[in-house]
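So, here come the structures, one by one.
The two complexes that follow have chain A in common; it is paired with chain B in the first and with chain C in the second.
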Partner chain A sequence: MPALNGQLVVFGFASFLALAFALLMVVQKTPVRSVLSLVVTFFGLSVLAILLAAPFIAALQIFVYAGAILVLFLFVIMLLNLKEEAADKDDRPVQRTLGLLVALALGGLLAGATLRAPVPPRGAPTGTPIPLPDEIPALGRLLFSDYLLAFEVLSLLLLVAAVGALLLSKRRFE
Partner chain B sequence: MSPTLAVALEGAAKIAFVWGVVLGAVLPNLIWVERRMAGLIQDRPGPNRVGPFGLFQAIADILKMFMKEDVVPMYADRLLHTLAPLILLVPAMTTFAVIPFGSTIRLFGRDIPLVIADVNIGILYVFALTSVGIYGLVLAGWASNNKYALLGGLRSSAQVISYELAMGIAAISVFLAAGSLRLTKVVEYQASGTFLGFLPLWNCFPQALGCVIFVVSAFAETNRLPFDLPEAEAELVAGYHTEYSAFRFGMFFMAEYLNLIAASAMMATLYFGGWSLPLLHLTGLLGGLVSVAVFAAKTGFFIFLFVWVRWTLPRFRFDQLMNLGWKVFLPLSLLNLIWTGVLVLAKVI
Partner chain C sequence: MTGALPGVAPMAVPPGAFLVVGTLLFAIGLAGALLKRNALLIFLSIELMMNAVNLLFLTYARMRGDLAGQMIVFFVIAVAAAEAAVGLAIFVALFRAHRTVDVDKIALLKW
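Coming up: the complex of A and B.
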């Protein structure tokens, strides 16, 4: 039983926030509120990243996901002026069942991986904060050496997606 | 005193100092400066009744905000309508945490760096927070259930995302030169040498293009004229805050000014050497105090620039704004990035 230290309290709070608002996102009827719940979830996740001594990931999480992608979601929802989710009477039984199965499989996979993971050595919590090294140079070096191919393929994929989206939307107007 | 307690006390003191100065001194004076400058530029007296030279006008303005009736439209989304100004205000108040406002001073036997949190992600923190602030505008527009407010909210999200790109890429060049995302390192780098032998190594000289892009984009990010399209009163009544009154409107007002102050401080830090001044190498308590004064003067200049531009330039059209952001600033900021890379490789900077 680990001692109730500050880290644990923050961890519990952030995880609770992330999980509770993820649930809210699914059950919420108003699309705008769903998006906002997801934003809170991302904040919870970014607090967890800070606890893992990865503030860069935390900042990217907020900057990219909460700050850009979800704002675009909101933008689309507002542009279409969706007030209430259409109450569809389960007209997609196949998708619903498949979705449940995939969710269960993913959950099982994650739970299995977590249980099999080695338990990290639990050191005595120290009062003095450890100074964080600059992680960005190391990250950049990795991205442009070991993971160069994956990195470039990924950026190409994003570019293709953007061009494709543009093409589809243009075609509709012509 | 235990070291943990000392660190906590030091942090609390710095937060109190920064918020005290920003909220207690800069913000009220900014209201006064903006209104008096408007008068000066438009060749009229401006508010001059409350106190000498109208200096207490800000108090009157703030009191008025608190005394007025707080109206929430009947068909508004009450929860989000209440939350929206807060969502805007909280990031605006927390950006100051990573901006170094002075060098290091030595008090009570401790070296105290004059920055609240010297984190290794520096500017990413600022960008992340400003991008969260958009939600305030968007939600205010949506929750009001008013077509003008909705249009204002839509505009703000499109505008802020577009200009964040150019601004971010311009900022990347700064870190390319400094070699770190830490804002303290960026200031130290700019104080460390000269550019071409006679200019200070401030980023505004080798990266003049990036500097212009950053400054102009900051106007768009803070919704200030000539880019205040989200609240363009000639077309949208008052845009996203059409349905806000009393102190809720005051919160929007306050957030705009806080963002303006933070943007000015960022310009001074990233491009104009922060708290450093060339040929001035004072140490000790005097050096620390002078560095704070230098930083305040630089930030003050940019605040003045914001006000000056607001009352001088007319508003852009929305398509012009988007064209400028995507077709001019984005390519130019990439060009600036390549240029900076060349300079770094050639060891000029």
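Coming up: the complex of A and C.
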């Protein structure tokens, strides 16, 4: 089945890209480089979303995450003129090791748990089967019927966040 | 369980692989949040963790053939956008007051 193998290749490439650049993001010392590595990770993630039959979410990931949020990060980093993180004098070696250990342990635990977790049976009240060809219309219908209230609250939240961000960055805290 | 739903093509990639990638990304993000000293980069690591969770949501949505998972991802992305705007504004204000965003030096509430 050549088509299926093609999907496997794309999956391997995208997930490698996402994981490698996520690691780079953590290892990187320069903030700007960290943000740019994360852009590549998000592109990989959006390819994975397409593989999971979620083209709308994939597009959203590029537009909102890579396009808006990370650009906002870049703006702020350049605005604050952040230099490299204080070079590795490593004033807290214990915390560093502990943090790494905790991350590794939790990662292993989560990987084991998610792999073993049973998928809950389908057929919950909101369960709408995904008709692949018209998945985005179905999403839209769902958004403006079952999730209408959440959607409206969300728009309000975005408005409040925008006003709050303006206020916070305007006022002086001296 | 994974692809037997009517109208949904079987998954060519085993869903477990997506789950592993998602959890690994989450662990990397957690390592970043714990190891970084720059508040902005800690924030960035948290964004990565949210995206890892989004991947898990999408995987489960695909496994169950249920659009609710994708809806949740939609809301997570939108809330993350709001959160990023407010969080970055806080960091700008913090930087104005302290001339640094190093979390080791910002210890106003510590003692």
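Note that the second predicted complex is superposed on the first by the 123 of 174 C-alpha atoms of A that agree within 3 Å, B and C clash if a C-alpha of one lies under 4 Å from a C-alpha of the other, contacts with A are read in each partner's own complex, and residues count from 1 in each chain.
One rule holds for everything that comes next: a contact is a pair of C-beta atoms (placed from the backbone, for glycine too) under 8 Å apart; a residue touches a chain by one contact, two chains touch by 3 or more.
Since we're looking at a predicted model, the values are computed, not measured.
> Touching A:A68 in the superposition: chain B (first), chain C (second), both, neither?
both
> A:G99 contacts which: chain B (first), chain C (second), both, neither?
Touch partner of A:G99: chain C, not chain B.
> For the three-chain arrangement built by superposition, which of chain B and chain C touches the greater number of chain A residues?
Larger number of chain A residues touched: C.
> Is A:A18 in contact with chain B, with chain C, with both, or with neither (first, second, both, neither)?
second
> Once chain A of both complexes is superposed, is A:L60 in touch with chain B (first), chain C (second), both, or neither?
Both partners, chain B and chain C.
> Touching A:M78, do we find chain B (first), chain C (second), both, or neither?
first
> Hey, what residues of chain A end up touching chain B and chain C alike?
On chain A, the residues that contact chain B in one structure and chain C in the other are 56, 60, 68, 72, 79, 127-129, 132, 135.
> State the interface residues of chain A toward chain C in the complex, per the touch definition above.
1, 3-5, 7-8, 11, 15, 18-19, 22-23, 25-26, 31, 34-35, 38, 41-42, 45, 48-49, 51-54, 56-57, 60-61, 64-65, 68-69, 72-73, 76-77, 79-80, 82, 85-86, 91-92, 96, 99-100, 102-104, 106-108, 110-111, 114-115, 119-120, 122, 124, 126-132, 135, 138-139, 142-143, 147, 150, 154, 157-158, 160-162, 164-169, 171-174
> For the complex, give me every residue of chain A touching chain B.
Against chain B, the touching part of chain A is residues 30, 32-33, 36, 39, 55-56, 58-60, 62-63, 66-68, 71-72, 74-75, 78-79, 81, 127-129, 132-137.
> Show me the residue ranges of chain B that touch chain A in the complex, using the header's touch definition.
2-4, 7, 77, 80, 119-121, 124-125, 127-132, 134-135, 138-139, 141-142, 150, 153-154, 157-158, 160-161, 164, 179-182
> Note which residues of chain C are touching chain A in the complex, please.
Residue list for chain C touching chain A: 1, 5-9, 12-13, 16-32, 34-38, 40-41, 43-45, 47-48, 51, 54-56, 58-68, 70-71, 73-75, 77-86, 88-93, 95-97, 101-102, 104.
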